[in-house]
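In the two complexes below, subunit A is the common chain; its partner is subunit B in one and subunit C in the other.
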Partner chain A sequence: MHIPDGYLSPATCGLFGAVMIPIWTVASKAVRKTLSVRQVPYLAIGAAFSFVIMMFNVPLPGGSSGHAVGGVLVAILIGPWAACIAVTVALVIQALLFGDGGITALGANCFNMAFVLPFVGYYVYKLISLNSPPGSSRRIIAAGAGAYAGICLAALCAGIEFGLQPLLYHTANGQALYSPYGLNVAVPAMVIGHLLVFGWVEVIVTALVVKYLQKQNSVFFEGDRL
Partner chain B sequence: MSNALNKKRDFIEPSILSALAFLKDATLSEEYANRKGFLQSLDPRLKTLSFLAFLVTAISLKSAVLIGTLYGFCFIFAILSRIPVRHFLVRTLLFIPLFSLFMVLPTLFSIVTPGEPVCSFHVLGLNGIITRPGLDGAVLFVVRIATSVSLVVLLSLTTRHSELLKVLRVLGVPQLFVLTISMCFRYLYLFATMVENIFTAIKSRVGVVSHHRHGQNVVAWNLANTWNRTTQMSEEVYMAMLSRGYTGEPRLLRVFHATLKDWVWLCCALIICAGLFYRGQIL
Partner chain C sequence: MTLTGKLWTGIGALIILSPLGLILPDHFKAGSAWGEWGVDEIQKMTGYVPQGLQSLSERWKAPLPDYTFQGWEGQDLVHLSFAYIISAVAGIAIIAGVALCIGKVLAKKHE
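Presenting the complex of A and B:
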């Protein structure tokens, strides 16, 4: 789902950068309000954890494998605003230090994976888990459902961003200047792949990690997060 | 079970290898950043600004020839900065541009991009027609991606990670983000080492994990365990930061000093960008 540089037009990149600035500002304020300097390592752990999740290949039936983004899992563990910062940090490190993902497309990538993914996933999780006890299996199901909803909606956003490029940016003879496929191709390509494969990778990772953390230390699921 | 099948089913090996390759790559990047080369000698702030200007130019231009010219500059900068050509080409061409090339292949044909035919052929009874807009669009797309990736990789290879993080602060990125990024980067090594140790322990006891469900459980248990252990270390990390004199503002031992050479470089970079934009308007 990482959008590299050159897939989106400068205007699209600028638009998503502008959209993300107030989101990052609110996230910083929300995190500062409840997180002391003492707890900054906790935020960095969330970011590193998100990064590590993306490195893990999860085995799938038939011998193939895929990797999860982990945004919903991080949101469940440290809250959606803190997850927004954590996933943003993971994406910045990937783009800037490892050359993976885009610098100009950072706003769009963060919108999809650091905003839509954790927030949709977290609130679906909250809606389904309601006030169930920290160790209940309902929370595992809620985490899986949240992860699935979050990743599929983020993929839909990425598909729309790709699909709008040839409609908005082309030469007089119809030559696409950026991502070449329209909405009729880009949206199904992104959404179907995530509905059928990558969504389930996200479900497996999120639900199983929640299950194991419940067994090891269910304090992670007590109370509301940021 | 054959070796090939074993290899296919053993998810541990690829996971560890990819994680280690990632970190090894990061270490190598620092190795190149420490070499005495042209880009390494520049002030990181002005170098980052110039590369951002190149990047914006690369994604704004509408001519593959002009973007290719920018790629040519990248290649020259890489050589002047003592980056091995093979390493540079592998890093910049093998992954994202190659994927983009495969992705864009169908747009070559008239069925996706109608227009003036360039050539046609028959394969297995099917008639394929490559069109001019399809070909031009695909070339432009792939050259743009390759150039963008090259610029980012070149910046990353020739700048120490700690300096890049300091540049973020200088460019106005809030302290919370910069601090989290720098700490996260250190945690990555710790996480990867922990995961590697756990996987090695599992492999030494059970060998190949042959069923995907077992493999999924191992991955999830590892992630849960990693989270659990590192959150417990959070307090210790903070105390260690305090003991080293941490006051809330990250500091670098090296202080940036822009010299005349750095300003000349920035001017040259901006002139190159302006020149390419001007040519782009004419073409």
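Presenting the complex of A and C:
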């Protein structure tokens, strides 16, 4: 889901950069209000976890490969705004140090993976877990559902961003200027892989860690994390 | 061990296991992620290279491109796995450092 340089037009990149700036501003204000000194190590662990889990490329045999993002788990544990910052840090270092995801596409990649993914995942988790006890298995199911919804919707966003490019930007003879595949190809390609395989990796990882942490320290699952 | 110690240990285990993310796609003959092709791959798939994509892509020369050392693209899986683990360690050291700094700046106002 890491859109490389050149796949999105400069205008698209500028738009998503402009959208992310207020989101990052609100995120840092929200984190300033809610993140206690005690939680700072979890921000670092969350960012490190998201980075390393994205290295586990899972193959669609004979096809493409993909991976989990881990951002929903981070959102459940330290809140979606803190997760937005943690995943953003991972995405920036991936782009700069490893060329994974474009530098011009950072705004779009952060919108998909550091904003849509943790927020959708967190609210689905909240909605399903409601007031269930911190140690309940309902919370594990809620976390899994949130993980699935978050990563699949993020993939849908990436598919739409890819797919709009040839529609908006092409030469007079119809050749694409940036990403070459339209919505009819890009959206199914992005969404189906995540619905069938990569989304389930996100579900399993999220549910397993939530189950483990319920036993270790159920304070993670008490109250609101906003 | 403290809970943060246990979680860092878990991250360490993931670092050691990370070459699976290289070996499994290779074993099942899966290519790169959808939409993350190089210019050559696009040429093969569509018969042309989009002009804008051509001029914008591959301008940034990452120090550890695709989680390996520069010039190591054709190496065997053992070498690539080694580079992958080094990449994971380097990436996590920087990311954890940056996140800790951001966290300290933002969280220092209370407690």
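Some notes on this structure:
The criterion applied here is as follows: the second predicted complex is superposed on the first by the 207 of 226 C-alpha atoms of A that agree within 3 Å, B and C clash if a C-alpha of one lies under 4 Å from a C-alpha of the other, contacts with A are read in each partner's own complex, and residues count from 1 in each chain.
One rule holds in what follows: contacts are C-beta pairs under 8 Å (C-beta built on N, C-alpha and C of every residue); 3 or more make two chains touch, one makes a residue touch a chain.
Quantities reported herein were computed from a predicted structural model and do not represent experimental measurements.
In the superposition on chain A, A:Ala158 contacts subunit C only, with no contact to subunit B. Look at A:Ile93: by the touch rule set out above, it reaches both subunit B and subunit C. By the touch criterion defined above, A:Gly193 lies against subunit C but remains apart from subunit B after alignment on the C-alpha atoms of chain A.
By the touch criterion defined above, A:Ser9 lies against subunit B and subunit C together after alignment on the C-alpha atoms of chain A. Shared-chain residue A:Asn217: touches subunit B and subunit C both.
In the superposition on chain A, contact is made by A:Ala47 with both subunit B and subunit C. Of the two partner chains, subunit C is the only one touched by A:Met1; subunit B is not.
Residue contacts after overlaying the shared chain place A:Ile85 against subunit B and subunit C alike.
Of the two partner chains placed around the shared chain by superposition, subunit B is the only one that A:Asn173 touches, whereas subunit C remains out of contact. Where the contact sets of subunit A with subunit B and with subunit C meet, they give residues 4-7, 9-10, 28, 31-32, 37-45, 47-49, 51-53, 55-61, 63, 65, 85-86, 89-90, 93, 95-99, 102-104, 171, 175-181, 216-217. For subunit A in complex with subunit C, the residues that touch the partner chain are 1-7, 9-10, 28, 31-32, 35-49, 51-53, 55-67, 85-86, 89-90, 93-100, 102-104, 158, 162, 169, 171, 175-181, 186, 189-190, 193, 216-217. On subunit A, the positions that touch subunit B within their shared complex are 4-10, 13, 24, 28, 31-32, 37-45, 47-49, 51-53, 55-61, 63, 65, 77, 85-86, 88-90, 92-93, 95-99, 102-104, 171, 173-181, 204-205, 208-209, 211-213, 216-217. Within the complex, the subunit C residues that touch subunit A are 3-4, 6-8, 11, 14-15, 17-18, 20-22, 24-25, 27-36, 42, 45-46, 48, 50-67, 84, 87-88, 90-92, 94-100, 102-104, 106-111. Listed in rising order, the residues of subunit B touching subunit A in the complex are 8-9, 11, 14-15, 18-19, 22, 25-26, 29, 52, 55-56, 58-60, 62, 91, 96, 100, 104, 107, 112-115, 132-134, 136-138, 140-141, 144-145, 147-149, 151-153, 156, 161, 164, 168, 174, 176-177, 179-181, 183-188, 190-192, 195, 209, 212, 215-217, 219-228, 230-231, 233-235, 237-238, 241, 248.
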